[in-house]
Amino acid sequence: MKFNLKANLIWLGIMVAGFVLIDAAEFTGMVNTFIENAMVTVGINIILATGLNLIIGFAGQFSLGHAGFMAIGAYATGIMTQNMATPLGFWLSVAVGVVIAIIAAIIIGVPTLRLRGDYLAIATMGAAEIIRVVINNLKITNGPAGIFNIPQFATWPVVYVIMCITTIMIANFIHSRAGRAVMSVREDEIAASAMGINTTKWKLAAFVFGAATAAIGGSLHASYLQTIAPGDFGIMNSISLLIIVVLGGTGSLTGTVVAAGVLGVIDTVLQNFGTLRMVIYALALILIMVFKPSGLLGRWELSFKRVGTSKKKEVVDQ
Amino acid sequence: MLKVSNLFVNYGGIQAVRDVNFEVNAGEIVTLIGANGAGKSTILKTISGIMRPKSGLITYNDRAIQNDSAAAIVAAGISQVPEGRHIFAGMTVQENLEMGAFIHKGGTDMAGSFEEIFTQFPVLKERRNQDAATLSGGEQQMLAMARALMARPKLLLLDEPSMGLAPIYIQKVFNIIREINAHGTTVLLIEQNAKQALSIADRAYVLASGEIKMSGTGSELLASQQVQETYLGA
Amino acid sequence: MSLLEVNHLTQQFGGLKAVSDVSLTIEDGELIALIGPNGAGKTTLFNMLTGVNVPTSGEIKMATDKGQVLINGKRTDQVAKLGMSRTFQNIRLFAELSVLDNIKIAMTSNTRENFVETMLRLPSFYKKESAIEDEARKLLTDFQLIRYARSTAGSLPYGLQRRVEIVRALATKPRLLFLDEPAAGMNPEETADLTAVISRIQKDYGVTVVLIEHDMSLVMNLAQRIYVLDHGSLIASGTPAEIKQNPAVVAAYLGGEAVAEG
Amino acid sequence: STAANSSKKGNSASGSTMKVGVNLELSGAAAGYGQQMKQGIQLAVSEINAKGGVKVDGKKYKISAVYRDNKSTTSGSASVSAQLANNDKVSAIVGPATTNDATAAIPNITKAAVAQVSPAATDPGYTIDKNGKVQPYAFRACFENNFQGGTAARFANNTLKAKKVAIIADNSTDYGTGLAKAFKKEFSGKVVSTQYFQEGDKDFNAILTSIKNKGFDAIYAPGYYSEIGLIVKQARQMGIKTPIVGSDGMADPKLAKIAGASNATDVYYTTPFSTLTAATDKTVKNFMSAFKKKFHTDAPTFSALAYDSMYMVAKAAEDGKSTNSADIAKAMAKIKNMKGATGTMTIDAKHNPQKSIAIEQMTDGKVVKAYSVK
Amino acid sequence: MHTMMQQLINGLSLGSIYALLALGYTMVYGVIKLINFAHGDIYMLGAFWGYYVLRYWHVNFWVALLSAMVVSAFAGMLIEFLAYRPLRHSPRITALITAIGVSYLLENGMSYLYGASPRNFPQVIKQENFHIAGLTVSNIQLLILVVAIVLMVALQLIIKKTKMGKAMRAVAVDPDAAQLMGINPNHVISFTFALGSALAGAAGVLIGLYYNTIDPLMGMTPGIKAFVAAVVGGIGSIPGASVGGFLIGILETATQAVGLSAYKDAAVYVVLIVILLVLPSGIFGKRTKEKV
């Protein structure tokens, strides 16, 4: 184990290189608004879907209400930056969104996380719908017309950096005592509690963490797109995020990142197909799932931990 | 009655059963013994059609059955008591037993079957209307056996029927096996309790790492030095 | 003060008294066997002692550093934190995780990592992590499981899974360990290995062990005292030699042949 | 200034075709409307090209429409607008249909200096930026809500002499709620009840039963024909006989079919596009018959609005004598008295089309009368 | 009081459609634990089939209803065979995503082929209102209610009285063990899909007749609502699905009746969550606590 300095440095290097690469491409004009748009969407989806994967893939809690928490962040930013159109106002709004999302997640999670499997899915979906309906009927959120002319503070570098930070945070969470506790809940709740793990607490921890990152994603979405409406945060949007998670592989952060990218590419390419767009998308979805049932990467993770250290003699199967 | 030839079975890339040959004649009790992970359960699952062999031939009354569906194999008269009980949770004991007789039309002989089963396993009669999932471990094991008997099989495959049973019940179960065999049911038995298995078996095979290592009559193997050391803990 | 004191414990399921008015004590450092015919209520008793089931009536008291604590009414994880650990009649490993992770998870309640050091990967985080890793590996090495440290727990053969489950329970650093039919499905050779393992847990790790088992060779070899349950009630208790001769036990549980065997 | 000038901002035509982007809801929740609009656009393009194309500064350009689907999502719309403006290098864009999707496209088209004409973004704020200034590249072909809702209110007051109304509005888009709000602001009587429904709802019996005894003289029901048709049907079957007033989302031949001809009586709606005037107005008549010929059905309002949107692009190119997108935007702001299928329009300072509004009356499923309102 | 009774009638006729749909969800879920997202779209297919045969072949209404049930049953079985069967041994969430894919495919495929705008369903049965004690009930409302109840009872009989019902339960608990009883899980699952889809097809035709409009996306919202109904009733339970369906229908009506129409959907979910918190397995769901 030691300090894992090498692995951490490799990761840092990759992130910086990614930034420099995009920056250069943008500078030379290789990346125009369209491609930037696609990349930022992918980045935001990564933020949203890694958080969801934490809840579904690692904690094993089937939540279908991610769009609700996203809405909270988006509206916090949409509303606050109307009156405080400064970077400070933006960051403040992100923080406010996160805090509200955490409170909402606790209110929703404490009672519903007792439910199992699909019952939980329906309850969280219902909770997200309640959030959406309330937003749709409030004055401050401007009802179904939504909020537009939101000032753009979430430029691509901001999204990129936040994406790196939230991904690192989630990865760090998973690869720690907390992550092990959360995964034990997924595997077997009764056994976990017999090991002294307070399953309710850890489920809630993952749920709240995921909700907080969803709120961040929502804030970035609002600020980058400059338009939000209640319709952006419906059941179908939660499902789109679920699709990213499952397609990448539940329980693989690398998979989520890859799937967000792959789907981003598919999505932009399919714009060319007009009315057939969703037909092709649906077929692709079915085929990928049938031929790759555990997702693109299963539970595999990209890791640099063992770079340079000699492999221990251990039986590793599958 | 049952003949297994050159059987190979894999789990993904792992070879669990390698070139296994054996046969069970009508009216016999044949037992397979071997350490954990030797491949015993895999063989039974393959015979009853739950798993597909990689290659090899399984014939039942001179008919190849290795590609038949599990349902067809049960209908042909082969029943299995699976390892790990696999009782139907959420259904009562009575309903579990009814499921056992699924292939039969029901009606008149059903009542008779119940009568018979309940005399063999009086505990089950007491627990008749209890959700099978809440039975104790041993009670579930008995239910699994009783359920297989409800099908009135010609060939009964038993995978560790004594697991988790109190000593007093182990004797009972072996008595029942003898009894149904005497009434004409052929039995293929897997047991960790090798001593008792060998003592009631007509013939036996010893399995290790997916291969048949030894065979002989029950008493021959019981007497074998090697078997005693490895499987009987002597 | 006994380590565990159980008074008039009863568990009622509808019309059925699965455990009825059971009182017993367990002293520190003992190795006790709980036997009885199928459906006698042994597992149900374990479930009440470890907080999985809430007793219908009666009380369970455990001696801890802070004096005697009432156990019933507490959640399983709270009970576990007080120093009671267990295995299950149907193995309940974290099947898709590695053996090593199974052990590390069991160490969760005895370790602390705060949010800041986890997120920022401070040196203190790595120090704690490597301490956990070292300890887990030491345990695995101790029980000849280190070869399988990175294997998926669910893919191991049955006997090894049982062993991993026992070591996992041990990793919570219990004072009291409950084993529910640890030898089920094992052949005599494996049972002999297991006997050694359990005896080491008692002697080398100083853990009090209570086990349910139908394998009389194991029970008679290991147990210092035996409690016998039948139809939910205690029908006998005593040393193995006493129990073997007890006619009620022979009639209800052992049957004729088993006496000779034990 | 027809030649492509790289130093100039915006996109220009190259060769002899001018590309016009179409950013529409072709799948997803609003696909029904998007697909109708696509037909209107197809008709306009084929007509223009049949005449040789748009005549810009003496040279004729054929129009090539680039259709892209935004899935009825804001993010899809933003992405499509960026692709059309940056990759396809279109000279102008028609679409999107809904306010939400249309506002989501504004940042990208503004950056690329490409005008967009939305056939149906009705929120007043769509063409206005945060500081109250007009968005230079956002246009629309439809009425904005305040105008239409206000008109309906005045009609209810003055013509129907209604003292009390009940409002049943579509709550899933800004269209229904915006119109309801505008109506309430302008109406001088009492609103006895305001109820909302969602797009796709089919059962309005509960709402209607609950308002039935509230003693109103008319119902104002802003929304689209698919739901309002059912409201009309169920209200009449329940015995509610009061006039029902709606908005241009109702102006579709399907309305009467959904409601059932006999139920569609005493039904009124505001519309820029009166089938009655079709008899007298040549442009409207042409459009109606051409549409019927091409698609074998009567033209719905959305097709007409989209048809006009495409003509607005063509007109702006001709007026501005340029295929450059920035020039087109400037010229579009100055469009005056353009004859379209939805009336003769002049673009005002806020990029809203000024055109006369009509109110049609239906009896037994047929439009029997058109009131012109000022 | 009078208005309340009228609202109850409104709620019941809305609820009977949810109930018919919920039955399909509950059966499929009960057997293979799959939230069959495409179920609402089968209902749409049934409605379109009814539309075509009534409009172009001018068949009798009952023929349309029955043939729509048959066609929907086949569609359901085909979908199961192509999209779900290959995933029988995959994680459940994978099959769920496939179901979502199938749903998208049906919705968008139909929208591509036939356009997304609504069509008018041929009004082959003329609506007439009956006035009983000041309450208004239409013949179509009665028809829907009666057909729904007849189908529900028929279904309950099939499941309780035939071996198939038992086989379905066994496959649900443990498909491998069911095989050892001589049950072919594939047949059972196909049968389940056929039955559930037939009910959805019937609901589609009834809805077409009642509301007069159908469109490719018509299955989306009722589909989700019906699933909620199945969950409220206790998923896997046939009476539960019926009760859940009626409950949701009445609830929606009630929210609108008290003037909270804007919060109609939210109210349904609030009640859903409350019910689940009190009865974590729904109204009729069996709470089987795992024995350890």
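Per-chain numbering from 1; labels A, B, C, D and E assigned in written order.
Here, contacts are C-beta pairs under 8 Å (C-beta built on N, C-alpha and C of every residue); 3 or more make two chains touch, one makes a residue touch a chain.
Bear in mind that the values here come from a model prediction, so they are computed numbers and not experimental data.
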| item | value |
| --- | --- |
| Set of chains adjacent to subunit C and to subunit E | A, B |
| Other chains in touch with both subunit B and subunit C | E |
| Most remote chain, CA-based centroid, reference being subunit E | C |
| Chain separated most widely from subunit B, comparing mean CA positions | D |
| Mean-CA-position distance for subunit E and subunit B (Å) | 42 |
| Separation of mean Cα positions, subunit D and subunit C [Å, integer] | 73 |
| Intercentroid distance (Cα basis), subunit E paired with subunit D, Å | 36 |
| Of all residues in subunit C, the ones touching two or more other chains | 43, 52, 88-90, 92 |
| Subunit E, residues touching no fewer than two other chains | 108, 111, 262, 265, 290, 292 |
| For subunit B, residues that touch 2 or more chains besides their own | 134-135 |
| Each pair of chains that touches, named by its two labels | A-C, A-D, A-E, B-C, B-E, C-E, D-E |
| Interface residues, subunit D side, partner subunit A - complex | 26-29, 31, 35, 67-71, 73-76, 78-80, 82-83, 85-87, 99-100, 103-104, 106-108, 111-112, 123, 125-126, 129-130, 171-174, 176-178 |
| Residues of subunit E touching subunit B in the complex | 163, 166-167, 169-170, 173-174, 176-184, 286, 288, 290-291 |
| List of subunit E residues in touch with subunit C within their complex | 292 |
| Parts of subunit A lying in touch with subunit D, wherever the complex brings them together | 32-34, 36-38, 41, 82, 85, 136-137, 143-146, 148-149, 151-152, 221, 225-229, 231-232, 267-268, 270-275, 277-278 |
| Interface residues, subunit A side, partner subunit E - complex | 56, 62, 111-112, 114-116, 118-119, 121-123, 125-127, 129-130, 133-134, 136-137, 190, 235, 239, 242-243, 246-247, 250, 275-279, 281-283, 285-286, 289-290, 293-295 |
